[in-house]
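Below: a set of structures, written as structure tokens.
Each of the next two complexes has chain A plus one more chain, namely chain B in the first and chain C in the second.
Moving on to the complex of A and B:
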């Protein structure tokens, strides 16, 4: 779960990492008051969970509180990549002598957290890694042994820094690592971390990502920051279709109907589970099909959960038919899913034989499931029909089926400025070669 | 020879009285596995399908007079770290973690302790492993009857980030007459105990295994690690890969399928991984159904490193 910049700053503050004076405002008047308190020139930044703020005009500099108020009014009204800003951050403009980058991430290959440090901060760290690798320092640290400052020191020293820069930066990077561990972050990044003209160090911008699985451990922090328990903070906001999918999943504890995601095609998908769904979604597109949705059904769902999800998909505008497909199941029961999808069709007044383009779920209780499908005249397949073949059969039954290749997915937002540190994990150790 | 499990392997189930663990225990026993005990704190004295239950691993070791070779851990995420540490500190050397949704820091700690103690972790968020016709450890393949239908003994080692796709691929290989030497559901999280590259030396040393099939997904650098391993170690085993989630390349920042699947940058997209795997001489199948032919072609062509077995240390 991503934090807004103003929240990341509060976390830094909590852990006694120095930051520039700032405040979060949701009205222009409030922004002006903060500028007044801060005194002197300020920067006003849109609080959105998307990249490209600067380019979109979501970051402005103001000399006076009046100017700050005017800019805040503009920025608060400015949508960036479809995101409405949560507010604006008003922060003191710092007299910068030098910019640095400080980050902590996981390296999935070494399976340890790692420091990433650079004395070329303020720009894309990936670019620095490519063009000036000698300006990047790294180092893993243990998750079992007590945390030691020397690990941070070693990472910084790799860039050639020494003297007061090294001794003053070490406790900051080390504190960032402790924070990373304490709050179950998957990313903690200060960029830039700056040396002011008076020789002191201060964080100017921060990005943090907390692992979703660990949220229950940090209820106190999240409450303090005002993060609601139902805030998902995905890369794009959930659509009503997706919210309904989540509701269907949560009202019935039997089985899982996860990751219900909307697309704009005409073939509805009732597919499962994790890897099976990824494979089947690709398979539909490979055969020129246009999926109306993505989902992951598994964990032996009840008839009603399967039926409710199927109804949701069937009622989505533009859906002509549905394909019910999974990889071989051993826990989920074929007959229960069959009953669920048929129930959904019948209750909506559809003929299952017409609406269900293909049913391909082999595995547990398949004989019973296939009998039910036969009774309703639904075309089904066992494991002798591959997942891709089943997808092809389904695609051919909807209009435009079998066209050449898949069109682009609905214009999903891309996140060019997503903190790049994660992309660096392990780079140079494994990737190059 | 075999990989990780054979007919003499003994293991325990931690969290054995949970609903899924009870099923899993039944399935493993039916398949021929040897489960010497189970652990659930506070349930000492009970039995699950004839398997005695203890309060702790230490108690189990004392009562049975032996340290089990392995453990299948099925306790809830908040208690998994403790259970895994308990098993490793009792001397268990193979820990299969079934539990999903474990915070990454906990996983890193378990994996680091395992490395310090010389133990191996499979998972988390996995279905375990199976040597067809011999034994299985975990829910892989489901009930013994279903497992027998999908997994026939043979020449191909299977490693998969998806539990369900382990079975789909194994079934395809079995139906094609190639069969499976050992199938390992390695888990779908961002950090896992054993990656493809880390398991390769075991398959390399296994006479039964003549080829490898992997199932992979976007996210992470495990495929790059495998590509490098193959290049550096002159592996005797031809590898065929299947990459799911190609559509995710168009949707950066969003996670589907498993916790470990998220496209963060250029290096972890499906397209980039396919390029890396192919550059290392690994065939990448477009469809599951193509896998058996690709395996056969490469076996026939004597792919890998020429003739004979070449065991890599």
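Moving on to the complex of A and C:
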């Protein structure tokens, strides 16, 4: 979940990272009062969870409280990328000598958080990494071992900074790393972190994302910030397709058939089981496929629930075929899912054999499931065919190629052509829990 | 009317059995049977939800409830 800038600043303040004097206002009058308290020039920033504020006119500078009030009035009425502002931030305009970037992100490959520091702040850090990689310092750190300041120092020093700057920046980057771990963040960045003309350092803008699953662990913080339990804080509003997916899942308590995310491809996915959704989605992409959606099925959904999800996917504009694939299922019945997806096809007037590119769900009641699939001429695969291979077949069929004819696809018919690693991927897959 | 995958037949001789109607409604985990004022009623909209558990067959007098798998032409046998 994402935090508004004014909330991120309060988190920084909580962890004793210096920030410019500021306040959050929801009315022009409040903005004026804050500007009065700050004294001197201020910056007024729209509080929206979207980029492009400056370009859209959501950031203004004011010399006086009266000017601040007028700008606040304009900004409060300004929608940016469809987002209505959650008030404005009024902050002291800092006399900046130099801008830096300080951030902590999670490195999914190393499975460790990493510092990212640059002496070129105030601009997009990805752009700096591309055009001036020598101005970026990095370094992983442990989430288990006690935090060591020298790791932050090392990341900063990689950009060539020494002396007083290095000494003063180190505790700030260290504190950012500590708060990243403490609050289960997936991103914590200060951009820009600035050196003022008097040599001190303050955060001028901050951006933080917390792991959604960690929300229950941080109730106190969220309550202090005024974040409601029903606020999803997603990166974008759910589409009607996604809302309908959520409805399908919620109206029937049996199993899971939902958590739908919309994409613009031509291959509809009915996928799931023990992390299988993510693996299968990646596999489709890896083989050059264009998924129309992501979703999750598992926990033995009813026939009608599986059918309703399948209908939703089948009716999505641009969907040519669907791939029904799961990891090896233990607490979901293959025959029940098979009935659901075939029923959806039949009720929509489609030929299941034509619409279902591949059915690869091995596990509980698979013999019964395979009988149903054979009855309707749907191509299916057992557990000897890896998830990657099944994804390849689906992509090939939706692209116009692929095998023809119904019936089983056994591993021995296809695995021989695959490299050993891919064969092992199929053999070692996780069984749905 | 049968489902797409499953059909259920209840012998005429027992459809008016109020006790059986109650027992079938209680036994079926996916609500294929309803107790319609003391008569056995088959809820057609739920037929395809059948999980092949045989509880209805066990609850009824031998041979009076038949569960047919339309996709392979077989019937569930009593335990």
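By definition in this document, the second predicted complex is superposed on the first by the 242 of 433 C-alpha atoms of A that agree within 3 Å, B and C clash if a C-alpha of one lies under 4 Å from a C-alpha of the other, contacts with A are read in each partner's own complex, and residues count from 1 in each chain.
Everything that follows uses one rule, which is that contacts are C-beta pairs under 8 Å (C-beta built on N, C-alpha and C of every residue); 3 or more make two chains touch, one makes a residue touch a chain.
Note that the structure is a prediction, hence the values are computed from the model and not measured.
Contacts of A:395 after superposition: neither chain B nor chain C is touched. Within the superposed three-chain model, A:35 lies out of touch with both chain B and chain C [touch as defined at top]. Once the two complexes are laid over each other on the shared chain, residue contacts for A:339 go to chain C alone; chain B is not touched. Of the two partner chains placed by the overlay, only chain B lies in contact with A:285; chain C stays clear of it.
Set side by side, chain B and chain C differ in how many residues of chain A they touch, and the one touching more is B. When both complexes are overlaid on chain A, the residue A:378 reaches neither chain B nor chain C.
Of the two partner chains, chain B is the only one touched by A:214; chain C is not. Looking at the shared chain after the overlay, A:304 reaches chain C, while chain B stays out of its contact range. Against chain B, in their complex, chain A makes its touches with residues 106, 108-109, 111-113, 126, 142-144, 181, 184, 186, 211, 213-214, 217, 234-236, 259, 261, 272-279, 281-283, 285-286, 294, 296, 298, 326-331, 363-364, 383-384, 386-389, 408-409, 412-415, 418, 420, 422-427, 430-431, 433. Per the touch definition, chain B reaches chain A in the complex via residues 77, 101-105, 107-109, 111-113, 116, 139, 141-143, 146-147, 150, 160-165, 167-168, 171-172, 175, 188, 190-191, 195, 215, 217, 220-222, 224-225, 227-228, 231, 242, 244-248, 250-254, 256-261, 264-268, 286-289.
Residues 4-5, 30, 48-49, 51-52, 69, 71-72 of chain C are the ones touching chain A in the complex.
If you check the complex, the residues on chain A that touch chain C are 302-304, 333, 336, 339, 342-343, 346, 368, 371-372, 375-376.
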